[in-house]
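Below, chain A partners chain B and then partners chain C, in two separate complexes.
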Partner chain A sequence: MAEKITTNDIVKEENLVFRKTPLFIDKPLSYCPGCGHGVAHRLVLETIEEMGIQSETIGVAPVGCSVLAYEFMDIDMQQAAHGRAPALATAIKRLHPEKFVFTYQGDGDLAAIGTAETIHACNRGENITIIFINNGIYGMTGGQMAPTTLPGMKSSTSPYGRDIKTMGNPLKITELVAQLPGTYYVTRQAVHTPGAVRKAKKAIRMAFENQKLNKGVSFVEIVSNCNSGWKMEPVQANEWMVENMFPFFPLGDIKVPAEQK
Partner chain B sequence: MAKVKGSIVVNIERCKGCGVCVPSCPQSVIALHEDVNAKGYHYAYMANPEECTGCANCAMVCPDAVITVYRMKVNE
Partner chain C sequence: MKELRLMKGNEAIAEAAIRAGVDGYFGYPITPQSEVLEYLMSEQPEKRTGMVVLQAESEVAAINMVYGGAATGKKVMTSSSSPGISLKQEGITYIAGAELPCLIVNVVRGGPGLGTIQPAQSDYFQSVKGGGHGDYKLIVLAPSSVQEMYDFVDLAFTLAFKYRNPALILSDGAIGQMMEKVEISDQKPRWTNEEIIKMSPWATTGKTPDRPHNIITSLDLDPSKQEKFNHKLQAKYKEIEKNEVRFEEIQTKDAEYLFVAYGTSSRICQKSIQMARAKGIKVGLLRPITLFPFPSKRLFELSKQVKGILTVEMSAGQMVEDVKLAVKCSIPVEHYGRMGGIIPSPAEVLTALEQKIL
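Here is the complex of A and B:
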């Protein structure tokens, strides 16, 4: 047998298989330990890197925990008023139709205060990409109930669990926008396991590539944890998400263009 | 026989010790260290470095992209 291989033998440039994309600005992410936002950021940036469109991409950050996305993504970005990212992205894309334009929004931003902007941008069929991080609550402000909060789910404003009699039904906005003629590609993904991350990456890639076709909105929901808001350890939060979020928000494509099936 | 050997390098000071990499590793290579980094987090490290195949599963799920992965073929 050959001599024992040590870590030093393996850790060499020629053996590199994965490294943090240089499209991340080199500073610590502001997200809580284990939060899915970090993986979602990475997948967006890796897609932009692999497509070679760093200087042709304009992102729109929301209000919410990812309000500072522009601090971490080394691309041109703007930050919209709460919920208004699709309206701002509409303007950017119409002024710069050659650019790749995307929004990055939480569920409070996209499905509560921004419902009108979301639905109308999707219905108009703006040629943009929407990345929607659904963690079932308002993370940044302290875990309040969102339109996406599950029936019976505890949040800081539904401490005994969401009672749909008084608090209404959760909103599956992704299924809703899939009904609109202006959406071209609609999918729901997650980033809690290596397999899910690889699938989510493919979906995000397709959602960006679609802008070359000029056929409307590509909408990628990512069901994610908010372990701080859910008051759980990160690994436990991911397990809870699989058991509780996925039955209500099932993963998979919801609307796939006929030519891409 | 050709075999793959892998290794990860954790950016210790950027690791938040969330631990989502631990169950993602099919080889049970990773654990959280009993020591903490400057921010007080028990950072991830290779508790069983021999077993790493460089599959990059840990790096896929790391929210802070603190894991760099290397892999090489070795002939035994």
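Here is the complex of A and C:
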């Protein structure tokens, strides 16, 4: 009887080009197939692994689709009330200035119910990293209009499209926080192509490295899709994102520290 | 000889926090408790003990800062007054649901709404029946002097950490603002990170190879697990009820009638007792020190001895419901109270006793 060949027999050090970071807990993700959260989680966890700071990192999960982020991230984490993650992170960092502290938040959490906490943590210049996933919709609650839903975009609470006359304008909170003296590094990225993933990874790494400098908030927005909420196929959702979200939320650095330009 | 100082109740809370080795205070100004934050800012406790003091953008942010700090095993607290405490209810229920020890101080003012800045006791229901959503309880301590404001800070943290449960000091504008002599305790050292990890192994202090990652959350989407967790919380509250009831009795030995009052009202009742006894009316006082757990058992015992009970509260009558439940309607229980920031006089309390109970 032939011996069973295992993954370890095939994957050797010399031919290993990619592996899942051990900080990503091995269980099925709660996200829809095609969603960008999985990649964003991986980039955060790879960064923590590569920096060797697992034992020094405390994360804060939001309310929304990524409320269960702590189920997948093998780091100490707290789950915040809706929008309050920057307040939790403020206290954690003030009480543990030697730790790396990050929040992981969606658009409804960070840019609607948590606007005050977001702006004031950014304005105080808390030495934390904020990872902001913007998919223009409330995904977890079933596709309602978000603060970042585009004009004319349909959702379950804007079924005829967002009418800015009655429903208000989408909020470019990332540009807004970039105006505050307490933010040190503000950037907008995406994770829909390998190239974008590499750039987003670099941005997240910088956002964590910056905590060593104690210069204020590092804020990384990731424009992402919500194929379920947008009622599209995953590929179609990414195309729609490129055509519609990116013109309104253009990718790239918004505020880069002078010494890192 | 211990150090004595003349202090406001609010200042006593602040000094006690520093001396108790508190790691962080997160607050927001509101009358009549702003002196807590003012005192802390002027004392610069970061220089005395390394304690963090932060003025938050709102009461909501302040209580969520308490959540974040408490979840790392640190001794953290906030204080506010009634409208601000209402804002904090979201954070408080999350803290209770995540089983985090912390201290919240409410220097009560009259309501509802913006109400008044004068003292009241109308937040009793909010304090002892939950306040936010869900089935949870706070450990509630009711000081009646500036000394107790001071002493209950350390006691509240002891109880909060013993049961992994938020504790609340339910004071009022009179005790917060009045000045009395306070015996100052020695400085307790703040816990080291090593002590915290040993004492609170659940805390999010950074995942080390020797343990699984720690998660602080109040969420469980599995109904059977969520119900099991709720049962666990209820068992904890039963344990608190068994172990932590605190009260004071004044002249109850020969009493034929009984006042039940806490905080400021209990001090007025003490004067009313003197006046009543001068007239030959044998009245005593039971002063609950813990409002949750409530001294129901002792009240039931006293109901076998006295002919009637008058509760005195600066409210429309809230604690009176718990007194009625405690004595199982075996004797008359009436309420006398003033509202809107008015403190009753000893004479009107005595009149109420004579008219409603005698």
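Here is the rule we use: the second predicted complex is superposed on the first by the 248 of 261 C-alpha atoms of A that agree within 3 Å, B and C clash if a C-alpha of one lies under 4 Å from a C-alpha of the other, contacts with A are read in each partner's own complex, and residues count from 1 in each chain.
Quick note on the criterion: a residue touches a chain if its C-beta (ideal position, glycine included) is under 8 Å from a C-beta of that chain, and two chains touch if they have at least 3 such contacts.
The shown structure was predicted, so the numbers you read here are calculated from the model rather than taken from an experiment.
When both complexes are overlaid on chain A, the residue A:Asp163 reaches neither chain B nor chain C.
In the superposed model, A:Tyr31 makes contact with chain B only, not with chain C. By the touch criterion defined above, A:Tyr70 reaches chain C but does not reach chain B. Of the two partner chains placed by superposition, only chain B is touched by A:Asn15; chain C is not. Look at A:Leu88: by the touch rule set out above, it reaches chain C but stays clear of chain B. By the touch criterion stated above, A:His120 is placed in contact with chain C alone, chain B being left untouched.
With both structures placed on the common chain, the touch criterion links A:Thr57 to chain C but leaves chain B unconnected. Residue overlap on chain A between the chain B contacts of one complex and the chain C contacts of the other is empty. Within the complex, the chain A residues that touch chain C are 54-58, 60-61, 67-68, 70, 73-81, 84, 87-92, 94-96, 99, 116-117, 120. Within the complex formed with chain A, the chain C residues making contact are 23-24, 26, 52, 54, 56-58, 60-62, 64-69, 71-72, 74, 76, 90-91, 94, 98, 204-209, 213-219. By the touch criterion given at the top, residues 1-2, 5, 7, 9-12, 15-21, 24, 28-29, 31-39, 42, 191-194, 197-198, 227, 233-235, 238 of chain A touch chain B in their complex.
Contact residues of chain B toward chain A in the complex are 5-7, 9, 14, 16-20, 22-24, 41, 46, 49, 54-57, 59-72, 74-76.
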